[in-house]
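Each of the next two complexes has subunit A plus one more chain, namely subunit B in the first and subunit C in the second.
Moving on to the complex of A and B:
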């Protein structure tokens, strides 16, 4: 197991290195630079600014400085936020994005799995149709539409909830739901088909023949087996959802990380682009690694095959 | 200065509003019923999710006036987005500049289109108009220290320090020795800022700058405390508790990316004139969210309003203000065809601005038949604007004249057919829509075929700067309320002269105006310069942009204008909210 994890860790580091290097060079290829302004900065001042930010150095030198800083965890000052380091920006935004993300995960996993299980157990009946319906809605309607609608109905018309911002529990309800809907839909669909697959297996018949109670059959045999493939898709989902989403956070004015994925590129904020990418890349890689490990723990077949190989 | 941000945020706002508009239109009817079911379901689920609120609740304060008829003096407005910096010498965007004007003050203050004394009680100007002596009043920083002439000198030299470059340093270039110091050719000691005593500051300028009393109201010119800068270093003005200011309001809280609040500064020298007790400024960058918050009575005004929102609005009133920008075609005057003035005139005269505004942009803009903005730039006698005195230079949609000029121009060039011109525009939905409208008009009115070149705005700016275009869709916003802010753009040495216009006569007019101490003569020269520009048309004016916004009827005296401080709430107050 330790060897397995060490190998995964090595690949993870290589992956992150490739991602940040590719980002570093690609962003330099975007026309313009972080100091560009519609109203031109006086050339002499611009020269001084370039020097100040180290942009006058040759690209490879900038790259090595960047890698060195990154290795020590320093991601530099943001260009756009002139008094804040990228570390501070991430430290400020990530807990909020993560809090929203975790809420959405909890709602999404519970509702999604429940819906999937109920649908499979009521195959081709009312609950099944309802769950398919929810899945289609959740997958096909973009988050900002849901977000805007929620805001309009519950914020403006009914005045039950505050329209936006991230302050009290009431403020979190709409964004949590808007963010979890996609997850609910995906999980419900996935869980449903996975369950249907399991229901048809011989060992279910055996269990029935053994005279196990229906609850035990569902709980110990069907769900436990059906949930495995679902865990695979959870890794990337968690990474995406806890690091913040542009649309939901923008619509609900939530001070998370989400908006920086778009804004940093628009503003060509080099340090913020690379910092955010490195951070997101690491979370994604770590999540995938955790899923791999969790998979090994949950599924005895994988454990065994690992041991024998 | 403002231009990038102004355009950036208006463009973003438009993109955002488009996105949301799309969302609402598609979804409202169809999905409402579906969503209702979903929501019932979700309410139960989300109620189960654990967790603590991320921050304490404090917005509702404004709503609760306990049993009094007195209006609580609290104003709630969106600040759009987290300011890049509130270090006033370093600031270079609109939003930063207006927030700073609430918490700081310069030697003068630009109040509702007029210069009034600020931290300087009075000032003397020498005969030649080049030496200003400012006499400071007794004013205090929020930590109780007096504001001194030394604080100004320190702040100004800080703005010019080449070791710690500030993009707006050029705002001080009119001062003798300033540019030299900033570009590393001179020393700090040679900059002509002299502290006579604690309360007297003397500045010597290179030219008699007619608008210098405005410049000293601007954030780059704010006084700065050396001890505070040294204490906080890079965190100067970066957190609520780090601010030491001397303006009408104080920063109370700053939750990054979320919200700022301000309270009245009781020690401000003119505190009796300030009525608001508190300003609550959440950062709401999505224009539809801002509108929804306004409709839900969570905000008292909006930054902007689009046509759909205008129609849907149920509260308060629609107002509009000149956002300061003028929009035009940039003609590359070195292009083999566009070098001909008659062709440029034909292209300018032959489009229908009135119809464009009414049918395409659908915003409260006005056709530009001249260059310098209306409303915001006064003439020599300040009761009239430069625009009112200058008037229009050509007619809108003058197809007849345009056709004749086109024919004449082609004859001069020896052409029987125009080669296909390229028209560069932003690649946003709106950028392309607007450009297409003019493309269509040229084709219909003049039979001129033009090819669109939609590019990302960064590419457009880059190519404009390198004169790498035929025609480009461009705009400009003023730095200060004087026609020079627009007119010196087209001097041959200007870094913003995208068309490449090079006319020694024009250059001469501008230089003469810059050195003229007689105001009447100076304005004559400036009008002559504008007339020359409108004769040669290196740019083809299109429209002056105005922005709609919503404001509740109980909000009084908020002043908006597209030059300097865009949202001035310093003298605002609330009246009649608790009727």
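Moving on to the complex of A and C:
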């Protein structure tokens, strides 16, 4: 087990280093200059600005400064938001994004599993068809379309919920649902087929023959056995949810990290892009590592050989 | 009830009859096609998709306007006004034409992305799985490390470096997606490689290339095709996402994603500008997903009845 964790940790560190370095060098390869937009600035001031941001040093020196700063948690100043450091922007934006992401994860897992279980227990009846419908809709409609649709129906036409922003609980309902729909759809589908597999097993017959109550059969024998393969699809969903926050935050004007990221890309704010990319990349890698380790604990078979499956 | 001897008749054995082949012999693909046809949902999806593809080809030619023709006297018109079936956008461009031009771009990105992914994945995974041993170990370790790099980071960085454009998007999508395909193919190859027919082929003197391309890959084609069918909507989705964050195909070119994200901004005032692109993206996604599901069932020989 320790060997397994050490291996995962090593991979995670290597990957973070690759992500961080790739971000740095690719940003350098982009044609243009971070100060390109400052047209009215006289050359002398531009030169001073370059010095201020450290752009006058040779590339490898910039790279080592960048690595050192990252290791000590300093990510530099934003070019676009004057006098705001990337750290500040991340510190302000990330809690909101994390809150949105967690809400979506929780809603998605609960609703998805529930829908899958109910569908499997009512195989080929109304609930089953409903869950298949949700599953297909959820994987077929892009997040921003769902978000826009929700905004239009519940915000503009019915006026039940606020159209945008992130202030009260009512503000969080639509973004959370829009973000979690894909997860709900996928989990419902996986849980349904996994449950159907389990329901056909002999030990369910045995449990029935023993005279267990239906609730006990469903809870202790069916759900517990069916849920294990389903958990393994949650790992990739962390990445999908994080990507989703970019879109959902932009659509709903939520001041989270995702919205800043999309803006920084549009405004070519290099330090902000590098900083947030490195941050997101590291978060994802660490999350995946934790998920992998969790799988290793839950299911010992994964520890021995994951790739041969 | 009385059972008497007279109720039974001795038929005897007819060896020829019992060994005759009752079912017509079918190739793998014929069999799969037969099963896919009997799946009503998949068949409808196939028809919808064919219509979308046909419209993508002829749609832009059905009008005298081109996708980039602006008419500032016809800005943001509702569907039907002035002969614009789907209305116009904020620059007075005809949305009907733009949607079918967008269909070309989106479908092209989807298919091209999937094909490149297929080629790289099959070659890489096939070689790793077939050679095995150290080569496999090293090749798969590389895949493992690349796999942990978040896709999105790579796609965004690549596009920022190469500049947004049709080819860039396809390359970025293919470069991030081939890993999954490589793993799939390698796993399949590893399994098949040990089977007797490969040994037989080798005994007959087939070389490595022939075994990979004539024996291993055709036998692994089922899961590969299924993955490809899901790769196409995946690529279209990624493109829509990129358009949304401002890294999509550059204007005045249009894709379903860029049309929908442009429409999203004017949602409250001109809802049809998002309605039509969203409708067609969803329809295409839906069809690809249903066909993928259908193919998965159809191509699985264990389900053969």
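Methods note: the second predicted complex is superposed on the first by the 275 of 309 C-alpha atoms of A that agree within 3 Å, B and C clash if a C-alpha of one lies under 4 Å from a C-alpha of the other, contacts with A are read in each partner's own complex, and residues count from 1 in each chain.
In this section, contacts are C-beta pairs under 8 Å (C-beta built on N, C-alpha and C of every residue); 3 or more make two chains touch, one makes a residue touch a chain.
Bear in mind that the values here come from a model prediction, so they are computed numbers and not experimental data.
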item	value
First, second, both or neither for A:144, with subunit B first and subunit C second	both
Per-residue contact with subunit A, leading partner among subunit C and subunit B	B
Touched partner set for A:26, first subunit B, second subunit C, both or neither	second
First (subunit B), second (subunit C), both or neither touched by A:152	both
Partner chain in contact with A:162 - subunit B first, subunit C second, else both or neither	first
First, second, both or neither for A:91, with subunit B first and subunit C second	neither
Partner chain in contact with A:285 - subunit B first, subunit C second, else both or neither	second
Partner chain(s) touched by A:231 [first = subunit B, second = subunit C, both, neither]	neither
Subunit B versus subunit C as contact partner of A:6, first or second or both or neither	neither
Partner chain in contact with A:250 - subunit B first, subunit C second, else both or neither	both
On subunit A, positions contacted by subunit B and by subunit C	30-31, 141-142, 144-145, 148-149, 151-152, 156, 163, 250-251, 266
Residues of subunit B touching subunit A in the complex	1-4, 7-8, 12, 16, 19-20, 23-24, 26-28, 31-32, 34-36, 38-39, 41-43, 45-59, 82, 84-85, 87, 90, 92, 162, 164-167, 169-170, 173, 179, 182-184, 234-238, 255-259, 282-286, 288-289, 292-293, 295-296, 298, 456, 458-459, 461-462, 465, 477, 479, 495-496
List of subunit A residues in touch with subunit B within their complex	30-32, 35-46, 48-49, 51-52, 77, 80-84, 89, 92-93, 96, 99, 102-103, 106-107, 110-111, 134, 137, 141-142, 144-146, 148-156, 159, 162-169, 171-173, 176-177, 180-181, 250-253, 255-256, 259, 266, 268
In the complex, subunit C residues that touch subunit A	140, 144-145, 148-154, 156-158, 160-161, 163, 183, 187, 190, 233, 237, 240-241, 244-247, 257, 260-261, 263-264, 267-268, 271, 274, 278, 281-282, 285-286, 289-290
Residue ranges of subunit A in contact with subunit C within the complex	11-12, 14-15, 18-19, 22-23, 26-27, 29-31, 136, 139-142, 144-145, 147-149, 151-152, 156, 163, 239, 242-243, 246-247, 250-251, 261-262, 265-266, 273, 277, 280-281, 284-285, 288, 307-309
